[in-house]
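Please read through the structure below; I'll follow up with questions.
Chain IDs A, B, C, D, E and F follow the sequence of writing; residue 1 opens each chain.
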Amino acid sequence: MPINYYIFLSIALFAIGIVGVLTRRNAIIIFMCIELMLNAVNLLLVAFSKMHHLNNAVADVTAGTDGQLFVFFIMVVAAAEVSVGLAIIVMMYRNIHSVDVNFLNRLKH
Amino acid sequence: MLTQRAKQVDRKPMTFLESIYLWNILKGMGITISHLFKKKVTINYPEQTRSFSKVWRGLHVLNRDEAGRENCTACGLCAVACPAEAITMEAAERLPGEEHLYREEKYAAKYEINMLRCIFCGLCEEACPKDAIYLSQSIAPANYGRKGFIYKKEDLLIPHPKEEPEAYQKALGEKATIN
Amino acid sequence: MIMTLIAVDWWLILEKGVLIGGIIGLSFFIAMYTTYAERKVAAWLQDRRGPNRAGPFGILQPLADGGKLFFKEEIIPLASNRFLFILGPALAMITALLTSTVIPWATPFVTKGGSVIPMQVADVDMGILLVFSIVSVGVYGIMIGGWASNNKFSLIAAIRGASQMVSYELPMGLALIAVLFLTGSLKMSEIVTNQVQHGWHIIYQPLGFLIFFICALAECNRTPFDLPEAENELNFGYHQEYSSMKLGFYLFAEYINMFISSAVMVTLYFGGYDIPFVNETSWGLNSFWMSFLSFSVIMTKIAFFLFVFLWIRWTIPRFRYDQLMNLGWKKLIPLALVNMIITAAVILLLNK
Amino acid sequence: MIPVLLILIPLLTGLVTFFIKDEKMARAWSLITSVGTLAVSVAGITVFKDPGNLQRQYEWMQQLGSSFSVKIDGMGQVLCLLTAIAYPLIFIGTWKTQYKKAGNFFALMLLAQAGLMGVFVAMDALLFYFFWELALIPMYFLCSQWGGEKRIRVTFKFFIYTFLGSVLMLIGIIYLQSQTPDHSFSIKSFYELELSNETQSWIFWLFFVAFAIKMPVFPFHTWQPDTYEQSPTATTMVLSGIMVKMGLLGVLRWLFPVLPAAAYGWGNVVMTLSVAGIVYASLIAIRQDDIKRLVAYSSIAHIGLMCAAIFSENKSGMQGVMLQMFNHGINIIGLWIIVEIIERRFGTRKMSELGGLAQKAPAMAVFFVIIALANIALPLTNAFPGEFLMFNGILNSRSSFYLLFTIFAGLGIILGAVYTLNMIRKIFYGEVNAVTGAAMDLQWNEKIALGIIVALIFCIGVYPQVLLNMTDEISQAIINKRHVLEAISK
Amino acid sequence: MSITQILFWFLSVVALFSALMVISSKNPIYSVLWLIVTFFSISGHYILLNAQFLAIVNIIVYAGAIMVLFLFVIMLMNLNKETEPPKNRWLKMAGAVAGGCLLLVLVAALKDTDIKQQHALVNEGNIGLIKNLGKELFTTYVVPFEISSILFLSAMVGAVVIGKKE
Amino acid sequence: MNVLIISAVLGVVMMFSSFLLKQNSTIRNLAIAGIGLLFVVNALEIGGTVFFKVNVHGMILFDRFALLFNAIALLSTFLYLVLSARDMEKVGVNYAEYFALIFFILCGITLVSSFKSFLILFLGIEIITIPLYILTGSDKRNLKSNEASLKYFLLGTFSTGLMLMGIALLYGARGTFSTTFVDVIEVKPSPLLVTGMILLLFSMSFKVSAAPFHFWTPDVYDGAPTVFTSFMATIVKAAVFIAFIRLFDDSFEKLQPQWRLLIGIITAATLFIGNITAVFQQSVKRMLAYSSIAQAGFMMMAVFAMNNDAKEGLLIYTAAYSFATIGIFAVLAKMPDYTFDGFNGLSRKQPLVAGTLTIFLLSLAGIPLTAGFLAKFYMLKAAMATPGSLWLVIFAVLMAAVSVYYYFRIIQAMYFKEGDASLITVSMVFKQTLVLLTILIVLLGIFPNLLLTWYYF
């Protein structure tokens, strides 16, 4: 597959994620859109890793492995982030019974 | 204490081995598996019925004498004795020419027992001076409506000893031998 | 386009199709008869006889049950979410069936032409991990169903079930890692081959097996971990609003899960299709009988495990929810970790 | 060693003063130490004036190219002497003024003195900047803490103004440093810089704004009257008597020789501003009723004259400025002392409420008149030679508008005479009213202070040669440097 | 069109469509479900790229753990109803436009990248298999691996701090 | 390496201490001793003693710059704990866990100050931010704290997403995650490279709260418990700046034409927004938040200039800024009233505290003889060395002059206004530490070589 396709696909996913972050008000959905962004990155990294593998496999059999490992690390971190993030959201919900980010304006005054 | 099976409750804190329950679970599983090989106590009911005890009180039967005449004189003692007030009846005068049907001059034109109320205590049997009602060894079959549980005289009457002797004998059951 | 179609290895597709069909059929069959066995075993353990009316010894009972479920009225609650309400049981069923893809059911079958047909739908490199991934997705069936019912008991049950499954996946995976230390591969086929060569893993990993087994119970929502269906607390659990075949799917999915998890356990710890103490390859059986024999061996082992599932169900009372979580997080996970570390240490020592 | 001592004595004694709780003690202690500083300063001029004593260099922040390099040149001598004299005068003159937390007050005063001394002797741009700010901070605290009602806002304005100016200067300093071949901040490297005309011209403003704010020159002066008015008088004395000289010194030492082409190019503009400032400040001063504000505006006018004289770019002007820096400091301190007395005695600074003081307090009247006349540069007073030299300088400047500048500057002098005499008339003559009725004459400390000032006024008025000798060499050097560079830049 | 290409386009369309549904669904539960679909299609892409390990891990971690948590939270909060009050339409539009612009900019920037002629190896190459990844992970990348354990520890402590009732 | 490993271990120790140790004071002392230990081992590493020889495969490099910054961060943390550890008790019940999180953050700080691979950068930043989300929200009953935490979390993860996209694009262009730039840049660099670089720039700006990505900062700093605001506004922010400059120094130096102007604009915007908005604040805490943005603008100048002076200066800046801000926050945490008026007349009640506070504020404002001046001086000097940057420098000093306004408001309140501000009990140690901080600031302000000699050791 031409690498271009993967670049555009993941950028599109990334942009969709960003649009979600910008337009939605529900904290959980915003968070999900962020996860979507991370996944777009993951896809791109894997595609690149295979690209580099194709280019450099002769010189280095493991060429491109690092890209996939990075994806692995991103997943690991995302898992940790989710646990913390949801804990925060739940804590918030316990207090104000809403996850609407538009209510997050108490700090403004 | 009588059975000597009571056990003092042990509230000591559990040791580590106890607290993982493994041994106890295995013990329990041993108990259950041992039952796999035990004799099954179930009876294959319709094919195989369980014999009733001698004193079993089953469905009511309105008795006839040897000649097939009804014993009941509609005296109402059974209805009075009934603690559940399940029995109602209407009396009628025996007309001439009906002597082969009824033993006495008075008979029950209508005799109903509401089986939903009846508690099968057998007091009606005790009260009857004519030996007209007794509790057999059969059980009330299931039914779809309430109506069906109000047993009419026809449902209660014992088959005619002359016309259907086998059915009569069967309905009589072991009661016959007692009497 | 045509060239592409021609280029496809249709024979392979056919072969796999047959295999898949066979396994699905087998799964259904086993599941059906596990319901029967459940009742039978329950009866036996309680000194009863169990179903014996439909057919000789009641062996047609599952068919009767199925028929009954089929012909019952389909009720979809008005306030429920219609699409998800249907999706729930479907997902449960799909995930339950998918798991069987990587299990090697028998020794490979060699045709006359010399081509080898593995008795395994796909010998994936990730093997056991695939099972895990599918199992982890299986949670959705329960959650979606429970939520879509729009009934708080269902919801609570669904959440209980899901959290239970998520929690017990961890010790399960950790216990598994110790096995993977031994085999050095995630491929199911290699795991089995390794056991054929070096003896069953249960010898090396008794503790690991125990943990795995307990987790398998929890994953299948079986007693003593059947909290999602705790009738006396939650009416009927997450499938309370379900009726007819949708309910049937849930129930079936549970039994299929039992079957598959037994198969996985057998494959991982009890040598898969291996017959213990003998070297069956030396018997000189032809390939078909060899496959058949190994298949019956694995099925026997699975049957044993299914029996153990049932046996446990009728022995041990249900856990309380906090006990369940305590067991999972505070006992099993540390235990599994210790097991893992010890295994690793021993392997390192022996290799030195 | 002398310059280091000049900085260290007030710095250390100032820090000590923070811990003196008793007011009397603090006052006496600071007076003694300031006299000590004066002694050192005088020693520097008289006994130990060999270069080895007047110059010191220590390693400090070599990586940045900066060193602790201090030196007292002729201009430094004048200004250090001024600072050293002024402090005892201030302390004596305000001996009776009560301060809350006097320890802190005097400590800050001494710290400011250390900063001022540092500015006057620093021969390293970064060091110069350090002391520039160091002098400012204590002044800010002094004005804000012990000042009048509106002190906080006003002094804050003052602070922001000066700070803004100084950071702009900092940019200039950094830029110049980056241009020096050895990446050094030393004044020597700066002097050796040869920058293009365009570069010079924008850096000029970075520096000049800082100095102009400090002096203050006409459009940058708005902080000054308010601050003088609101500050405690002792602080005002430091501000107007010594601190404004920082700006002048900056122009003379750091601007002119370093950026000669720009100074030449912008000379007309600056002179125009200065002269406009003279007239403007004088006109406003005439309208003032508040003595403090009047003196403040008169100070603007005087400084404007000095600034104009600097940019006249000849030796006469330069020397005049250096002379006048000293004289202006002395005179204005004298004025402030009297203003302080009036304010303390009568609780008002409004001329319209005063009157007839000559009868009640003749000694004060005498002193005041002398000082006021010195302020308008009557012959025989100290300001006369200074102003004479400055006018001479402006008249001889190579600016094509020299005549115009001279006329307007002269107009400023005349106007100065108008408001000064008017002030004298209003305060000391006329009817004695309720406010001034209970007036009493000067007390011993005021007499001492004013006596010294008047003595100085006359001494220098009669024999300014002492100061002229000191500044002769340095002003020549500045001019020479300029001429050399002008030749190059042509 | 080979099978691979067909699969690629199919998975891409599914991924994009479901991603769009994630951000446009009114009901959060649907968003979660659509997101799961997206993850599956991305996993499909991984398989296409023969990154099997990542495909599986993606499902286990994202679909199997992370999204379950999301679903949990949403269900427990009972957000199934349309709780999101209508946002300022202009703001929404602005967000969409901003995102679109970003997309455009990125696409424009990367349109003529020098590597556009290059290909990603599909269906082949074994670097995505667990053996290779594992070897690399536990030799070269062992330090980051250990570091990520610190990350997890901190997340764990954090979740306890936040979640524990006082 | 010493610090990285030992602080991770100490974090675990603190985790367990929550149920092993009963006394809060014991936990606190343990933590402080731990930081002291970390400082010592870091000093040993500077001296060449490395306890752990780990093959990092070129992903981490503990060079002088990193170690020196670690020393600053550890010293700041040490002082911070001495000053504020007691105040953490008021935040919530999980006393030991807070310390554990701080130790974990220190791990992250050592990582971001020494990374040589994007992977480490990513992990380091996450290790820093994830505990910070928690600490921000640790005052669970306080709605503001909750909100701050959520806001911080959402925006933080969002920026992480941007960063990862940037890293991915860079990987696509170069095929490695190493930050060292070996490629020869052609006349027109690859669009992938530039796009990735810009995304990284944006996300790093997010993390250091540079405008226009700063908007989370005031809310988060305001909402977080003051003790933790202190930590995150100083040490953490400084660490991320170190990462920022390291990243751009290592990776993107050759791309300078592409980013110089952008960073210049970001710097100017940060300075402008930070300073101007700070002027209008009524709450000191919020003012400090904006001031931290303003200071970030100055620190951005180091990235902008990217020369040796910038690196040295950033070290000084981090030290100066951290010391001063920690001190101010420590005092603020003891104040019952966070408005400016709350400080009225503090000098009469607590002359020593007010005095030290004044020095801190002067340092932040950049008055000479304090470290803050030299820090700003270095920044200006570094920026000046880059051609065509005069506008930025002039703008920066103008903004510095503006900053004086709001810093001096506190001084005015303390010294010149009437009022009876008082602190909640302060111990002797607290005061002594404040004095120590003051001495450090002044010493650094006069002799920056005390710090910088170690850079060239």
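One rule holds in what follows: contacts are C-beta pairs under 8 Å (C-beta built on N, C-alpha and C of every residue); 3 or more make two chains touch, one makes a residue touch a chain.
Predicted model, so just to flag it, every value in this text is computed and none were measured.
Common partners of chain A and chain E, by the touch rule above, are F. Listed by label, the chains touching chain E and chain F alike are A. The greatest number of inter-chain C-beta pairs in contact is found between A-E. The central chain of the assembly on a C-alpha centroid basis is F.
Centre to centre, using the average C-alpha position, chain B and chain F are separated by 91 Å. Rounded to whole angstrom units, the spacing between the C-alpha centres of chain B and chain E is 71. We define each chain's centre as the mean of its Cα atoms; on that basis chain C and chain D are separated by 95 Å. Note on chain placement: the centre of chain A and the centre of chain D lie 65 Å apart, centres being C-alpha means.
Multi-chain contact residues of chain F (touching two or more other chains) are listed as 119, 123, 126, 130, 133-134, 137, 140-141, 169, 172. Residues of chain D in contact with at least two other chains: none. Every pair of chains meeting the touch criterion is listed here: A-E, A-F, B-C, C-E, D-F, E-F. Against chain F, in their complex, chain D makes its touches with residues 60-64, 126, 129-130, 132-134, 137, 141, 144-145, 151-152, 156, 159-160, 163-164, 167-168, 170-171, 174-175, 177-178.
Chain E contributes residues 106, 109-115, 140-141, 143-144, 147-148, 150-151, 153-155, 157-158, 160-162, 164, 166 to its touches with chain F in the complex. Listed in rising order, the residues of chain A touching chain E in the complex are 1-9, 11-20, 22-26, 28-29, 31-33, 35-36, 39, 42-43, 46-51, 53-55, 57, 62-66, 68-69, 71-73, 75-84, 86-91, 93, 98-100, 102. The touching residues of chain E, when paired with chain A in their complex, are 4-5, 8, 12, 15-16, 19-20, 22-23, 28, 31-32, 35, 38-39, 42, 45-46, 48-51, 53-54, 57-58, 61-62, 65-66, 69-70, 72-74, 76-77, 79, 83-85, 87, 91-92, 94-96, 98-100, 102-103, 106-107, 110, 113, 115-122, 125, 127-128, 132-133, 136-137, 140-141, 144, 148, 151-152, 154-156, 158-159, 162-163.
Chain F makes touch with chain D in their complex at residues 312, 362, 366-369, 373, 377, 380-381, 384-385, 390, 393-394, 397-398, 400-401, 404-405, 408, 412, 415-417, 447-449, 452.
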